[in-house]
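As written, the chains take the letters A, B, C and D, and residue 1 is the first residue of each chain.
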Amino acid sequence: MSILIDKNTRVVVSGITGREGSFHTRQMIEYGTNVVAGVTPGKGGQVFEAGGKKVPVFNTVREAVEATQPNASMIIVPARFAVDAIYETADAGIPFMTCLTEYIPVLDMIEARAYLDAKGVRLLGPNCPGLLTPGEARIGFIPGEVAMPGPVGVVSKSGTLTYEVIDALTRLGIGQTTCVGIGGDPINGTDFIDVLKLFEADPATEHIVMIGEIGGNAEEKAAAFIKEHVTKPVTSFIAGRTAPPGRRMGHAGAIVEGKSGTAEGKIEALRAAGVPVADNPDDIAKIVAERMGK
Amino acid sequence: MNLHEFQAKRLFAEHGVPIPNGEVAYTPAEAREIAARLGGVIVKAQVHTGGRGKAGGVKLGRTPEEAEAAAKAILGMNIKGYTVGKVLCDELAPGIEQEIYLAVLIDRANRRPMIMASAAGGMDIEQVAEEMPEKIIKVHIEPSLGVRSYQSTYVASRMGLPKELWRDFHKLLTGLYSCFKANDASLTEINPLVITGEGKLLAVDGKMSVDDNALYRQEKVAAMRDVAEEPVAEKQAREAGINFIKLDGNIGCMVNGAGLAMTTMDVTKLFGGAPANFLDIGGGAKADQVAAALRIILSDPNVKAVLINIFGGITRGDEVAKGIVAALEEVQTDVPMVVRLAGTNAAEGMAILADAKMETAVTLSDAAQKAVALAQGSN
Amino acid sequence: MSILIDKNTRVVVSGITGREGSFHTRQMIEYGTNVVAGVTPGKGGQVFEAGGKKVPVFNTVREAVEATQPNASMIIVPARFAVDAIYETADAGIPFMTCLTEYIPVLDMIEARAYLDAKGVRLLGPNCPGLLTPGEARIGFIPGEVAMPGPVGVVSKSGTLTYEVIDALTRLGIGQTTCVGIGGDPINGTDFIDVLKLFEADPATEHIVMIGEIGGNAEEKAAAFIKEHVTKPVTSFIAGRTAPPGRRMGHAGAIVEGKSGTAEGKIEALRAAGVPVADNPDDIAKIVAERMGK
Amino acid sequence: MNLHEFQAKRLFAEHGVPIPNGEVAYTPAEAREIAARLGGVIVKAQVHTGGRGKAGGVKLGRTPEEAEAAAKAILGMNIKGYTVGKVLCDELAPGIEQEIYLAVLIDRANRRPMIMASAAGGMDIEQVAEEMPEKIIKVHIEPSLGVRSYQSTYVASRMGLPKELWRDFHKLLTGLYSCFKANDASLTEINPLVITGEGKLLAVDGKMSVDDNALYRQEKVAAMRDVAEEPVAEKQAREAGINFIKLDGNIGCMVNGAGLAMTTMDVTKLFGGAPANFLDIGGGAKADQVAAALRIILSDPNVKAVLINIFGGITRGDEVAKGIVAALEEVQTDVPMVVRLAGTNAAEGMAILADAKMETAVTLSDAAQKAVALAQGSN
C-alpha cells in the first residue's frame, strides 16, 4: 500500500522532450513508473523511447488524455510556461499533478491554487522534489536508490534533506510507504495536513516522519491537526534554527506572521502536540526505530 | 527584491497614488537646488534598511541652505551597514491632519493578497498591531476580482475616514493594488498615508518589495536594482545562480538544497561552531558552480574552515567529488576543508576525495564536528 | 417546516434605503420577516423604521454581519451595482442570498456564479421574485396574501405566473411549505434541481409543483433528476408552447442547444420522468388536488 | 442586440482579427467606386437575418461595373421581411485553401464562454454538427483566465491546422475572445475563417450578438443599433421599456410578467385563437405604460381583439384597474377588449372595470375564450 501513486498510476509528463524532462522521465521509467504519455506543443506524433518503452508525445494534455487516460501528471517545464501547464492539466481532467518547476511567481500560484481548489484537483508542488513509492513508482527527483518499501510515511518541505532522512531510515532497515516532497514555496498545492490525512488513512503506514523548515505557518497548522486527528506516531525535524531572521521590508510581514514562522515556534507547537522533534537529522531514524520497537 | 522609497513611490504614482513632488540628490549641492525649486523639503536617506529615522537619516530642509546641510549630514552616513549614497528630497506636505497606515501584501496563510490598514498610522504600527489588534483592518483581495468598492468602503468606514474622502481613498487603494499586481510585488506599503491640511490624501513614505521569481517579466523593476549598494559577494552569488546569505561566524558552508543547507548550519551550531554563511548551490553541483561558491565563501576573511555537505541524490556522488576536486585545483586556498558526501555512489566519491588528500566525513554530525575543530585551529 | 427561510431567518437587505428596497423591505417586515440590518454605502448609522421595528443601516455588509449576524441577504440595488453586492455578500460570509435585480449582464453572472460556487455560497436569482414561506417570512416580491401554509413546495422560473399558481392552490385549500422563484436568467445561482433536493429532504413538503418555461435546458435536467432522485409527486407546467423560435444569429446557438429549450422537448422529458404536465395553468391546482386525494 | 456583418468585423479587427479590406455602400455608384479602389469585391447584403446567400443577397463584383450591377440587384431586395439598405463590398480573398468555422459564444449549460471550431467550415456547419459531431471542437473558457495557449493549440491540433499557422491562430482566437469579452457579446462567429492562398488567416464573414443588459456600458455598440431597419412597433416598445415581439395572429395580448405572457398566449391558442404579439409590460403596470402598450398593440391592423391579463401581486388590483381605465380613455379605440385581473384586490379592480363597461373574466381560460370569441366577431 501507498498514497497518491503506485505501480498502476498512469503518468503523463508535460515537458517530456525538454532536457530536464527527458532525463527524469527516463529515470522514472527505469524505476518502473507507468509513464503513458508525454506532452510538448508542436511535437505531437513523436515517440519518446526509454527503458524499452515507447511513450507517445502529444501537442496538448487534453489529446494525451483522450488517447491514453492518464490519472496523474508530472510538469517539468520552464517557469514561464509552468502555470499554463498547471491550468492545462486541471482542464484536461487529471485529478493529481506534480509540478517540479521552481521560480514560479507567487501571484501566479495564488490564482492557480484558487482555480485548482474550485476544480477539486490536487497539485503537489511547485518547486518540489516530487514523490516516491519505493519499489513501485516515482514522480520527480527523489532517488529510488536510497529508499526501500516499508511502514513509514515521509512528508517534507525540503529536497536533499529528505533524501538524507530516507537514506538514514533505509540504513536502519526501516522502509517507507511513500515519500512526499511538498516543496517550500509560499503558495503550494499540497500541504502537510493533506499528506498527513492520506497517511492516517493508509493502512500500510504505521509511522509518519514530517520534516519542516522555517517560514510560513504550515508546521504549526500541522501540529494542531496532528493533535486532533492523527492517531499514528509522528516524528519530526525542523530545519533553520540558526537561520537569521529574514531581511524584512516594512512592518506588514511582521504584523501578519507574528511569532509564527520561527523554528522555535514550530518546534514548540509540534512538541505540544506530542510529536518528538529531533535536534539533529542523524537522530530522526534512531527515534523512529526506537518508537517502532526496533 | 526591495526597492528604495523613491522607486516605490514613483511606481505608486504611475498607478494614480498621489505622492509629494520630490527628486533624488546625490550631492549636497543637488539637494540645495531641489529645495530651491520645491521651496522647502524633507531630506531622506535612501537605503535598503529600516530605522533610518532613528539613525538620523531623515532631516528637514526648510531652506535651500538647510537642505544642503541635511544632505551633507546624511550622505555617506552608515545605517545598519549600508552607506547612504543618495537622498530623496520631497516637498513638505501642506499640514498633516491624520496619519494612516496602508499596505497591500501577500498573506500566505490565506493564499491571497491582503489589504492592511489602520487609522493609527506612523512609526509604531507594529506596536499597534500587538497592543490593539482591533485597530488593524484586514481585507483579502480575490485576484480575479481586484479591489471592489465595498472593500474600500469597509476600510474607510472602519477607519472612520471622512465620507468626502471615500471616493479618493477607493481610487488610491485601487491604484496601490494595481501597482502591486502590475509589478508582481509581494509588498506595497504607505506609512504614513497622510490627510493633509487641504483635505487631500498623500503617500508620504512608501516601501515596496518585488517577487524575485517574476523579475523575468518585470524588466523595468529589475533595472531598478541598486548594484552600488549590494555587497560584492551577494552580487557574485546572484550572478552565479547561487543562493547566499552572509553571516557572522567563521565556518563557511557549501550545501546542495536550502533545507539541507539550513540543517548543516544548525548542526554546526549544535557542536559549538558558528556558520559564516548560508549557501545553497542548487541542483547538479557542477564544477564551475562549486568553484564559484568556494570563491564567494573564501572572499570572507573571517572564514577559518569550510564545510561541504552534498547529498548525491540523482546526481551521482563520484561525479560530485570530481567536481569538487576540479574546483579546488582552480581555487587555490589554505583554508582547511571537510567534505561529506552522501547518497548515490557516495563511497566512490569519498574515495576520490580521500585520494585528493581531503578531510572527509561520513555523517553530518561527524562533518560538523570536524569543521568546528578545524575552525578552532585544533586540527 | 419549510426550506431556505423561516421566521427565524435573519435577513440583511442591500439597498434598503432605495425606492424599491425600502418599499419591499417594509412589506417584508409587515409580513413578519426578521430583517435585522440594511446596507447602503454612505448611510451607515441611519435607522430604517417599519412595522414598529428599527433596523440599523450600515455602510457595508461586513459591518452589518459584525454587528447583527444575519444568515440571509436580499439584494435589491440597480443592475450596475448588483454584481458587486453579490461579491460583497459572499465575502462577508453570508451563506444564502437572494438577488432580485434584473438586467445583470450575463458575463458578470458567469464570473459571479463561479466565485459563489468556489465559496460554497447559495444565490437565488438574479432577476427572480424571491421566496416565501407562508405565514413565516418572505424575501422578495411573492405576495403573501395569495399564499397559505401547507404541504406543497412550489418552484418556478417565472414571477406572476407563479403567483397565479399559488393563488389557485390556495383557493382550493392547498397550502404551501415554501414558494421559490429561481428566475429565468440564462445564468442564475439556484436551479430547479437545487430546490427539488431541498423539497425532497423537507419532511413537511408532500407534493412539488414545478413551473418552467422555454429556453435553456434546466427543465430537462430537472426531469432526469426527478426520475432518479425525487420520491415525492411532482406536477408541472411549461410556459411558451406557442412562443416563436428566438431570432437566432449564426449557427452556434442551434448547434449548442440542439432540440433542448423548446416547450415540446421539456414537456416530453418531464412526462418521461412520470411528471404530469398541465396544458393550462388553471389545471395545475386541480391535478395537485386530485393527486393528493383532495 | 444583433450587429451587421460589417460592424462585427470592424470590432473583430479592433482586437487584431484579420479581416478583408472593405467598405459599406448605400448606392450602386458607391459600390462601383469601392470596387474601383479595391480592385474586385464581393458585394453582400447587410440585414439582420440569415440565408442571404440563398436569397441572392451575395454577388461577385470583379470589375467596378459588375460591382455596381451587383449592388443594384441587392439594394432594395427583401430578405425574410427585411429590406436591404446597404451592402458591404469586401476585397476578394487571394485564393482560398481551406474554410474553417470558429465561434466564441456563451454555453448556458456549462456557464462558461465556449470556443466552437471545425475544420469543416462554410455554409453547412449545422449539418456537420448533426451528422459528424466529432468534427465540432468545443473548448470552454474560464473568464478569469482567458484563452490560454494550450487551448488554441488544442483547437489547431485537432483541426489539423498547419503548424506554421498555430501562432497566428492563437493570436486570432485570443483577439476574437477579447472582442467577445470587451463588448459583452453573447456570440462572435467567423464563418468562414479562411486560409488564403498566401497561407494567411482571414475572417471573411462575421456575426456578433451583444448582451442587451450590458448596453449601458457599451456605448459604442449601443450606437450601432440600426434604427433604419427596426420595425416601428419594436422601437416604440423598446423606448417604453416594454418587452414586445410581433406575431402573426389577431388577438393582441397585454400581460405583466414574461412567463404569464407566454402562458396567456398558450391558453389563447389552446382555445383556438392566434396571438398577435407577445407583450410583457413588466412590474408596476402604471397607466402610462398600459397606454403605451395599448398603442403598440393597436398599431397592428390585424388585431381584432385585445386580451389584458394582469396578476395584481404586490401592486394592488384596484390600482391596476384604474390605470387601465385611464389608459383606455387616452387611447380611443373600437377594438373589443377583455380584461382579467387576479391576485390582491382583484375583486375591487374587476368592479372598477365593469363600471367602465369593460368585458371582464375571472379565470385565464375564461378570458382567453372570450377574447377568441371577440376576435371571431361572434361577440
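Everything below uses one rule, namely that a contact is a pair of C-beta atoms (placed from the backbone, for glycine too) under 8 Å apart; a residue touches a chain by one contact, two chains touch by 3 or more.
Bear in mind that the values here come from a model prediction, so they are computed numbers and not experimental data.
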Identity of the chain that, by mean CA position, is farthest from chain B: D
Chain pair with the higher count of C-beta pairs in contact (A-B, A-D): A-B
Separation of mean Cα positions, chain D and chain A [Å, integer]: 53
Distance from the mean Cα position of chain B to that of chain A, given in whole angstrom: 28
CA centroid of chain A to CA centroid of chain C, Å: 45
Whole-Å gap between the CA centroids of chain B and chain D: 58
Sequence positions of chain D contacting 2 or more other chains: 142, 144
Chain C: positions in contact with at least two other chains: 111, 114
Touch list for chain A against partner chain C, complex: 114, 117-118
Chain B-touching residues of chain A, taken from the complex the two chains share: 24, 27, 79-80, 103-108, 110-111, 113-114, 141-143, 145-146, 156-164, 167, 184, 186-187, 211, 213-214, 216-217, 237, 239-244, 247, 249-257, 279-282
Contact set on chain B toward chain A in their complex: 2, 48-50, 101, 103, 105-109, 111-114, 116, 125-126, 129, 136, 142-144, 181, 184, 186-187, 189, 191, 207-209, 211-214, 216-217, 245, 247, 255-260, 262-263, 265-270, 275, 278, 283, 311-314, 342-344, 363-365
Touching residues on chain A, where the partner in the complex is chain D: 41-42, 44, 59-63, 84-85, 87-88, 91, 111, 115
Parts of chain B lying in touch with chain C, wherever the complex brings them together: 142, 144-145, 148-151, 153-154, 157-158, 163, 166
